[in-house]
Amino acid sequence: MAQTIYQSFSYILPETILAIFFVLTLLTAIVGKRRSKYLPAYMALLGFVIAGIFVFNQIGTDELVFSGMYAVDPFSWFFKIIFLVAGILIILFSLQSRELEAASTKYAEYFSLIISLTIGAFFMAGSTNLLMMYLSLELVSISSYILSGFTKESARADEASLKYVIYGAFSSGLMLYGISLLYGMTGETNLYAFNQAIAMGGIQKITLLIAIVLILVGLGYKISAVPFHFWTPDVYEGAPITVTAFLSVTSKAAGFAMLIRFFKIGFIDVAAQPVVAGMWEIFRGFRWTDIIAALSVLTMTVGNLVALWQSNIKRLLAYSSIAHAGYILMGFVTLSDQGISAMLMYFVAYLLMNLGAFYVVMLVANKYHTENIDDYKGLGYRSPYVAFALTVFLFSLTGIPPTFGFIGKFYLFAALIHTNYIWLAIVGVLNSVVSLYYYLKVVKNMYLQQPVETSRVSFDFGTNLLMTLLVVPNILLMLYFSPVLAWAQNSVTMFGIR
Amino acid sequence: MNLHVGLTDFLVVSAILFSLGIYGVVTRKNAIMVLMGIELILNSANLNFVAFTRFGLMNLTGQVIALFVIILAAAEAAILLAIVLNIHQQLDTVNVDEVDKLKN
Amino acid sequence: MSPIDTTLLNLAIAVLFLPLAGFTLLIFFGKKIPRLDLVETGILFLSLAFSLYIMIEKIFILHLGTLDLTFRWIDIGAIVGHPGFVLDIGIAIDNITAIMLVVVTLISSLVHLFSFGYMRDDIRYIRYYAYLGFFSFSMLGIVLSNNILMMYVFWELVGISSYLLIGHWYEKKSASDAGKKAFIVNRVGDVGFFIGIMIVFTSLHTVLFSGIFKGIAAGQLSGPLLTAAGILIFCGAVGKSAQFPLHVWLPDAMEGPTPVSALIHAATMVAAGVYLVARVYPMLTGDALTVIAYIGAVTAFLAATIAITQNDIKKVLAYSTISQLGYMILGLGVGAFSAGFFHLVTHAAFKAGLFLGSGSVIYAMHHEQDMRRMGGLRRKMPITYWAFVIFSLSISGIPFTSGFLSKDSILGGALAYGMLSGNYIIPILGYGVVFLTAFYMFRLIIMTFHGEPRDHHKFEHAKESPAVMTIPLVVLAALSLFVFYTFNPFSPESSWVMKSVVKPESVVPAAQTRGWDNPVPVETASVPSTPNTLPQMGNQTRSVTYYGEALEESHYVGMGLSLTLAFLGILAAFVVYQWKKVDAEKLKQSVKPVYTFLLNKWYFDELYGATVVAGTVGVSKAFAWFDGHVIDGIVNGAAAFTRGASSLSGKFDHYVVDGLVNFSAWFTGLLGKGVRRVQTGKVQTYIVFALLGVLIIFFAFRQF
Amino acid sequence: MQYQFLGIGFLTWITFLPVLGMVVVLLIPRGNTTAMKWTALAATVLQLVFAVLIWINFNPSLSGINDASGFQFIEKTRWIDLQGVGWFGHVAVDYFLGIDGLSLPMVILTAIISFVGMIASWNINKAQKGYFALYLLLDTGMMGVFVALDMFLFYVFWELMLLPMYFLIGIWGGPRREYAAIKFFLYTLLGSVLILLVMLGLYFSVSVKDPTTGQMMHTFNMLDFMNAKNFDPNSLLGGLGTYWRYVAFIALFIGFAIKVPVFPFHTWLPDAHVEAPTAISVILAGVLLKMGTYGFLRISFPIFPDAMLKFAFPLAILGFINIVYGALCAMAQTDFKKMIAYSSISHMGVVLLGIAALNTQGVAGGVLQMFNHGIVTAMLFLVVGVIYDRAHTRDLSAFGGLANQMPVYTGVMTVAFFAAIGLPGLSEFVSEMLSYLGAFQSFQWVAIFSSIGIVLTAGYMLWALQRVFLGQLPDKWKGLPDVNGRELVAFVPLMVVVILLGIFPSIMLHPMNASLNHLVEFVQKAGSGLVATK
């Protein structure tokens, strides 16, 4: 049941906390100058931790607040956890990033922007209202525009941010136009009402399609699904590694959260009885699933194939992240809670492996001053542990046991097989085989080829510790994944759906 | 003689604006002009919202949304201008075509 | 089982495994302990003693039936509704076995003795004796086994030991080639043998001879399949006994040391084929037997013709071996079972003798094998010479020799067959060979021992071989006389061998026998032969309807015919080579084409070389290429295309295209390439593509 | 489960001992290579000990295959247990190990080969720590595949084995190692993802009563997959002889065929073998190839008996192609190792032929051939390794007359070669004979044509033997030393096995019989729709 505005505030405590710390972090620029330059980082970290505590308090809540604008339900809760973890990790990474050192005077802005982006992501995950969707999306976008161009001394960062902002603004503009059409047709901005409106029928389908496709542009751009992915490689390559990592996880996950919620709440046919347990019907005559399926196939295939050609590892990871978007989309095609839970599980895996990979890339960039795959030659002999970690992450990205990435893929394919999307499953597995090749290219350079110079390069304890924190779950969660699975399965419930 | 202006007229106008916006974004080389194109797109949407509210639907949601959008548009414009400024300092050009160092 | 049986069986097992023990001993301790060759030889003589005891007990004293010792080797159990799978193997001793035991051990031990002298200063002396031991083991295995599978097993082992011994001087390429050739050619026959076994086993579910015959008698296997089985098993014999068309390996096998040739490639191993046919005789259908008879006849003739032209002393003997083996096979084929086997025994003695004799000559001539360089050795080495003469008389089938007895009865059988079946090709060939045999044998003797020495240097140094080498010769020479077999030099039937080795009852369905084939006429069978008339012999003609009769009828005719031909042959030899009445060279010139044809062994090697060998090698090359280029290429795919297309990493198509299958590889290349192009770095192009995407999606899904 | 050591089951020991060793190796400080070697060796030796223990305590009368009570040394505990939300059902993955007559020979083989391989890799002189660690990991992977009865577990082990293999070939391999390693990895992964899909299909098609709660649940238990009654009739793979079942069978087949390797999926093999270091070629040919055929027998046949009966003949044909094609390709090789690689293809063809026959002797022969070929081919690769270590070339034509130079070596390799030729008295003869006999009963002509292979094998083997050992010894090899003690330690056990099994094949056949007969009977009955007698 909906809540009054006043009550509602108690449900957005985490967001509020983050907002407060956004300000505080900014303030440190003024007050904490002559104290540790890392003060803003610590402040932001503190903010995330406290917010985290409040988020944990919300476990199990299933509420719709601010008169149906914003849902606080297990689904969004799951994503919030992901965002928090990602945020914390990114902050920790940033502390070691050499690129950011250059702009260390602007740490306050940097970290506050990370917070603001996270806030935006929070709202994206929970918004059940078209306007809300648009606003939160814009919040995330704007923060990321600035972040990607943050080291404005470097030309490529500037270029990245320029492309990003133009492309982003354009896509969101299209999305907005689509929203306006939806509003015009239903007179509603609330997804639930919108659902009922469609259920009553009398919607001009052609217009509806236009609107949906336009909205899809906005969403597709966020999750960088082909053909709305073009900004991704350039921005990922141009932006500072930490930001790239952050975008590749948080903003993408947020985009997915929004996508799933929009389509599920908007188009689920509550009346219809599912054929397979856990599947839900969408309104007859709407073939979103086909669109999504097409997108997913396109996305993973293009992502993988182009990744094969990359020589810059950031760019390679950019394309691989596109491909992964494709994999995740497969889960949504099934239109089943099972598929969604598989997607959620995949996010956990993706968070671990992708951030890990980017972390190693950052470390290598710090010490070896290169992002070129060919310069990874002999890494396995010069910095064994880092190389080992990267190997684990890459195999996890490929989805080979004994890594958690395997479980992620495993459940995606399971969902597909269960709902008889066998052709899609086959495309998926073939893609993962292709992907093996370019991940192996890195591994090959690290181990199979002799280093040019053999001096050992070692990293400090903190680094190794942080890396271990990423490596261990990647393997451990494969050996015992039931908690994650349970969590994912319980998190598919959204407010107002069954 | 008073000619009656209906919802459709508004929609048509907004559609035209929308198209013009897209055209601008795609064709203009100058980043500022591209920004203008984007503004056009946003405002065509705004026009829709307002029109829909004015005709048929008797609630104010549309107008409210329009307000929000205007604010956001301003914010976006600010960011973009800042970045363009930055670009100009770095590469001294505002031609989006010449900003293509990042590619395969 | 009565105690004496057990004793004999145990003795037989001892006979079997003693040489193996010797082999292991020599292989592992040959280097450490000196003079192990004596041990090995001792072992052989011991087993000879045992075998003699077994034979005498079995045949002359106790007249025992077949002794059999069977045990279960493999039992895979059964599943419901299917016959179980068990393999029983073991040993059995009947008269044939008993005699063969003696033959093998006797020749083997004599060869061991002989080798003391012949191989004295060989680099791998001990290894040589080890292999001899191993061979004896395998050969005895063949002789003793009571089942076709174990026979096959030892068959192969014999092949291997022959391979090792032929290639004993493997530094010579020709030697190692010869060994390889022998093994592979034999393998070809063995495949047939193996298929035959498969047929037999799958239809009868046993490999024991007794079981097989029982099964066939019960009609579980009959018709063309039975004939096929018989012929396929015979293929094994064709390989081992160097029958046409697989005879090509035996002459090359002469690359091995001469004693080896004597033991393996004259007396025992090559006789194994004959022994095999004798073993499975009851299951051979009429058609199969006819095929066998023809193969035998052809082989005998073909080899004899070639032997005439050869100048290498061992080559001559080799071809004579082939042709004699042809005789035995022919004998079995035409139904002269006992005669065929009898010839095996006698031939073992005199042919081994011939080889050892030639060995002695070669030894004296310091490993000179070309007869054209010899001559006049009679005076230098009398013992060898006289032994040689006896062997030659024996092989030519002159009375008072063992050869006369056995060969004559075979020919008689052939003639009988001719009468009954009405086709005289086989007997004609057979008798023709008698002439040829006598001719080439005495050509050999004259060229080697008579006349004037042609190579004086070698001649000077030539001298009679030491006792260890002459004693075996003497022994064998003695054994080539009739007394050891019968006291009536003119009646083979009275020899104990023929008496104790009786033609076994055929178990094939009567309809598939050659009606007259059995000792007693088969009423059920439609007797194919219309009564034939004998050549005029003074008395009136009368019809013969079955083999026994025909044999008696043909006996004297046959004997006379063969004697005449033999003497003619010897005469011819003397005319040409001794008294030089006819100039051999002129003769050659006058029949040049024929001569060259024969000299080149009917061009069999060339034929096989050009067809089979070249074919296989060619195909293998082709396949290897196919594998490297096409299969890998399918996998390597349109590497060409992608290489052309890919500007970035040539590696990529090399690897990935390789990894994926053709199409997807091509696809990958194309797409990857294509999509990469799109990433121009110009944001507006991106936007255009996005819009394009929107439109495509919109139109693709417009239809609701 | 009564067979325990320190409260842990034998199979767990035998499977995870190497991992234990790996941990120790990793802890050993860099540089102390001797300690690493001996640790690794100790692990493999202990594994061998356990293998022997298992073999001793193995009860040959039990059948296994589809009958849970027929398995031995069973260890079954819930690994993943999740009373999920309704629509997902009860998710359960078992840690389910057990062996029957089918897996026993493979377990023993793996133990032996790992031990031998360990000895063969004694003089690895580059990054030893990594090598031995990976080697042991590989060992675990292989052993796991053969003892796992839960398909999920099976798949994990199956994949687990890929990673170390990739590195072992790629880092310690020959000149073209990168190419070979990647080729191997891509091929095998392509195969295994197909297996993965089929596995999922089975998972959702089969539902059994959960022993604890009594509700219906999906499972990865192979044994449940084999029981036709467990399939939901309207599920993807339900029923008999349906389109999807055939598809699944073919997918599985490709997955396993790539490992075997069956023509035309074999091109990874020559490269991998040639480039891999000796010990790894030994493992590859000795154990990895067997996983493919093991997969057929353990998974494809009993789970899809209907499809098996349908595709038996094509399978036999493929076996024939493997035999002849492999042999002919081997004949054309000049690289010693490559020749032996192709000979493996040929010999695995015999396995295929035998198991395709689907009768007692055929399957028994096939499985025995798997074991024997493992041993023999291991010997062959060791032989090549020995000569390569000394002469640093594998070109057959570069040698000659080694028989005088290295008599012991010659003796060893003569045994190996003759075993490979299928000489009676040596192990491979028995298995090949059984396979051919079986095949002859089911597909007469295929068997007859295949027997050409007997001649061809003799041909190329003897030819190679002649080129390397006979003839004149080139001067440059005058100094080659004969095999040393360490190498003999690797050779002797294998030779003993080869000869022993040649004379008393029943040693190995006896424990297999019950299971294999049951397998044959089960497949034939279940395939033709009748319910097999448990």
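A, B, C and D are the chain letters, set down in written order, and residue numbers restart from 1 in every chain.
Here is the rule we go by: contacts are C-beta pairs under 8 Å (C-beta built on N, C-alpha and C of every residue); 3 or more make two chains touch, one makes a residue touch a chain.
Predicted, not measured: the structure shown is a model, and the values here were computed from it.
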item	value
Most distant chain from chain A by Cα centroid	C
Distance between chain centroids, defined by C-alpha means - chain A, chain D (Å)	43
Chain centre separation in whole Å, for chain B relative to chain A (CA means)	27
Chain centre separation (chain B, chain C; CA means) in Å	98
Whole-Å separation of chain centres (CA-atom averages), chain B against chain D	66
Interface hub residues of chain B, defined as touching at least two other chains	25, 34, 96, 99-104
Sequence positions of chain C contacting 2 or more other chains	655-656, 659-660, 676, 679, 681, 683, 687
Junction residues of chain D - those touching two or more other chains	182, 186, 190
Chain contact topology (line, ring, star, complete or other)	other
Every chain pair meeting the contact rule	A-B, A-C, A-D, B-C, C-D
Of chain A, residues touching chain B in the complex	131, 134-135, 138, 142, 145-146, 149, 152, 155-156, 158-163, 165-166, 169-170, 173-174, 176-177, 179-181, 183-184, 187, 189, 233-234, 237-238, 306, 309-310, 315
Residues of chain A touching chain D in the complex	276-279, 336-338, 341, 381, 395, 400-402, 406, 410, 413-414, 417-418, 420, 422, 425-426, 429-430, 432-433, 436-437, 440, 444, 447-449, 480-482, 485-486, 489-490
Residues of chain D touching chain A in the complex	79-82, 84-89, 91, 127, 155-156, 159-160, 162-163, 166-167, 170-171, 177-178, 181-182, 185-186, 189-190, 193-194, 196-197, 200-201, 203-204, 236
Chain A partner contacts - residues on chain B that touch it in the complex	11, 18, 21, 25, 31, 34-35, 38, 41-42, 44-46, 48-49, 51-52, 56-57, 59, 61-62, 64-65, 68-69, 72, 75-76, 79-80, 83-84, 86-87, 90-91, 96, 99-104
Of all residues in chain A, those that touch chain C in their complex	162-163, 166-167, 170-171, 174, 205-206, 209-210, 213-214, 216-217, 221, 226-228, 230-231, 233-234, 285-287, 290-291, 294, 301-302, 305-306, 308-309, 311, 430, 433-434, 437
